[in-house]
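Here it is, the structure in full.
First chain written, first letter: the chains are A, B and C, and each begins at residue 1.
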Amino acid sequence: MKKKNEFLYFAFRNKKLVIGFVIFVFFLVLAIIGPFITRYEPLDYAGMGSESPNFEHIFGTTFFGQDVFSQFVYGLRASFIVGFMGGGIATLVGLLVGFFAGYKGGFWDEMLMMLTNVMMVIPTVALLIILAAYLPYRGVEIQSVIIGMTAWPWTARAVRSQTFSLKQREYVSLARISGFSTLKIIMQEIAPNMMSYVFMVFILQFGGSILAAVALDFIGLGPTEGISLGLMMQNAVHWNAIQLGIWWWSILPGLAITMIVGALYFMNTGLDEVFNPKLREM
Amino acid sequence: MGKYLRRKILIYLITFFVAVTLDWFIPRMMPGNPIDSILARVAKMPSQEQVQILRSHLMKSFGMDVPIFEQYINFWGAMFKGDLGVSINYFPKPVTEIIKDALPFDLLLTVPALLLSWVIGNKFGAFAARKKRMDNWVLPIWYIISAMPYLWLGILLSWTLGVNMDLFPVAGAYSFSREPSFSWEFIIDYLHHWVLPFLSLFIVQLGGWAIGMRNMIIYELEADYSRYMETMGMPQKLIRRYAYKNAILPQVTGLAIQVGLLVTGALTTEIVFSYPGIGYLLNQAILRQDYFLVQGCFLFIIIGVLLANFAIDIIYVFIDPRVRHSVGGDGA
Amino acid sequence: MSLKLDDLKVYYNTLRGKVKALDGVSFELKDGEILGLAGESGCGKSTLSNSLILLKPPMKYISGKVTLDNEELPIHNYKKMNDFRYKRISIIPQYAMNAMNPTVRINRYISDILTAKDIKYSDYEKELKRRMSLVGLDHSVLNMFPIELSGGMKQRMVMVIATLLNPSLLLADEITSALDVSTQKAVSKMLVEFRDREFVKSVIFVTHDVSVLYQIADKIMIMYAGKFAEMGNTEEIIHNPKHPYTKLLVGAMPEVGIKFTETPLKGIPGQPPALLNPPLGCRFRERCPFAFDKCNEEPPVITDKNWHMCSCWKEAE
């Protein structure tokens, strides 16, 4: 109990963590309730084209008269889904692979690392190109799975090295001598120490997935249905929004992405300081 | 050392094999038939007989008249001969030639962006690691710029410096009215167009490198050997020099990884600025379903990434004595 | 007189206040003497040795004077101390095995640190090699990276490097603590050899292991909870301890050949006081079997004819 309180104590006092968290939650809330409060559907004709932000349309309208704010909040939803699912898959798969490789060592480690290295070099774009061709209709879920399946090598590597160092710590040897079964050792001795680390990795993967999705959507390899922030920017660029002065259409989506991912990075650094007393500012 | 190299080569060969196989797979997985799409573009509607002749001719030239497995083998053969087929949209221009035209633009954009951001980012990060006050405000900035999608920064720069302040052009690698040449005017015009896309790639990466180096330097400065040097009254300069030497090693590994990540970034940036690199080409090819061009671009990208990774892996062994030692090297 | 400490006080700045780690210690050390500095973890011995060579935050100099070779040692002045570091005062750290940069060749490392002190490597190369042979290190080691050496080799190398410039004072901070018994012997002997050959003038050997001190120290000083407890010749301290703590400490040492069932090891029950707000008077009185009411006052230092000093009220009687 005391450990948890100690964690919360430092967590609330860490500026980076708090600021990042607040910004993240702000956008999250917007993504959840936004679609309920907008008056328009994202792709509907909602007014005059290329209107700059005003009371009717707080983010203005697109070249075609669609409400940018409506597109924006639906796009936010898509981003959060990709971040959560893609980041989650990347963390989970990476955790399993990395942990197994680190704990077992030897042959398994060699094989899994070879697989990891091969996966690492193939750019995500490649797989998406193939899939884009093979699956004419794809949703956010498939995109998340692909992004997760190409991002797990990072988690695997990190978890593996953590496992190596933890494996050699004294209390693990002690447990082994005491005759605990392998599973028990994992659950009781190693897992608690890894949890904080894995959580931080998840945060980074969350951010990474969002960025990957934006890029892929922009190229045209994103979901075929619905709207996303990357897709908004693709349309904007395609219709020369910048040259025509319709900045709200292209700048605002990207700004949101930057803020969300930036907030995640802040949270990550803040958490690092909370978990590792050595890094805390005196 | 030998064992290490052999294992690395094995990994790269496997990756190469998998990648090339995937690459060959792509056109065959895309919806529709390349031949049908060409035929669809023929202006006049020839008679059924003529269509048949045309179709068989095209099938031959596209190599589709032999069984699948043979096509696969032929693909490997053709690739080693440098023949990547013919583009459909730029028919009858060979893919290799199209890529060759686009390659220099890509390299001139991505390589400087990668290397300069690395060098300057490292120096900057190392500097912030020891100046606490500067570190406090510059670190958040780096976090923010590394959180930006490349394409968005491109849009932002294009809007502010390009359209609003009219300092730089926002499309193309050179003015449409000019022809590429080695004249001064062309070079200046080219550089003028080069600035914004370069900055989009440079600034985002800079943040990442700076943060990484800053963390590494802090870690090294807290190591036992740094502490000992301080206890022995060594000047800060020497301690910092040693820390830098050790901290830069993981950054070199990072370079290899970054090459792979930069692909997508460069791709999107080129789209934003209509910059005629391979990324832009790839995008156009996807949109217009130009199968062989997609295949060729993809292949080029994969090979480039593999080569860069391999080169950096080799270099790394020579610069880090710890790796050299653990892979069974001598003390030389 | 090689080293003289006069009521040195060094505290630690922490979030919760000042920890009085070293609270007024005085002693003298002559040239050629090896002083063993012993005590429990947290007694202030490491603080003492560190403050003599590297006093930096969170350590804070409070008061007291240190004199080395009749010259005042400006331990509170970080910058001025640089002239002394390595040249006049040197240290073999507890982390000696990690003290060298793993990615720099040893000869390059030595060359760099000598150059930093305005000394040419070539001037010292011959002496360096001579000393390396003395401790059993082959000259080829100079061309290697630290990772290529074993732990023992690294420690010996650091010992040679630390003493290369013939410092007046050598601090050895728990250098045998992590070693097996036979290596402990070898390292301790090396230290004595350095002193005998006058590579170093005097040595302060910090450890919690009194048995090692018995082997090599000329004098032993016992510290407890940041304060001076007892100091005297090794023979005196071991066979004729005066301070109750020393008596218990010496009594707690295992003897070779005695089985536990015959004579159980005696520990010292209790724990040292926290040094954030230490108790007034003698700090050992809580655990002392001889404590009486006078112990609530600060005990004086009683010195007898053998220069055997003890800080205890019982001695004052």
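Operating definition for what follows: a contact is a pair of C-beta atoms (placed from the backbone, for glycine too) under 8 Å apart; a residue touches a chain by one contact, two chains touch by 3 or more.
None of these values were measured; they are calculated from a predicted model.
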Legend entry - Those chains which touch chain B and also touch chain A: none
Legend entry - Far-end chain from chain A, centres as C-alpha averages: C
Inset, instruction - Determine the chain that sits nearest the middle of the structure, using the mean of its CA atoms as its centre. - result: A
Legend entry - chain A-chain B separation of Cα centroids, rounded to whole Å: 22
Legend entry - Whole-Å gap separating chain A and chain C, where each centre is the average of the chain's CA atoms: 52
Inset, instruction - Please report how many Å separate the Cα centroid of chain B from that of chain C, as a whole number. - result: 57
Legend entry - chain A: positions in contact with at least two other chains: none
Legend entry - chain B - residues contacting chain A, complex: 10-12, 14-15, 18-19, 22, 25-26, 29-31, 140, 143-144, 146-152, 155-156, 158-159, 162-163, 170, 257, 260-261, 263-265, 267-268, 271-272, 283, 286-287, 294, 298, 301-302, 305-306, 309
Inset, instruction - Name, in rising order, each residue of chain C that touches chain B in their complex. - result: 53-54, 81-87, 90-91, 93, 95, 98-104, 112-113, 116-117, 143-145, 147-148, 162
Legend entry - Residues of chain B touching chain C in the complex: 223-225, 227-235, 238, 242, 245-246, 249, 320-322, 325, 331
Legend entry - chain A residues within the chain B interface of the complex: 114, 117-118, 120-127, 129-130, 132-134, 136, 207, 211-212, 214-216, 218-221, 230, 233, 236-237, 242-243, 245, 247, 250-251, 253-255, 257-259, 261-262, 264-266, 269
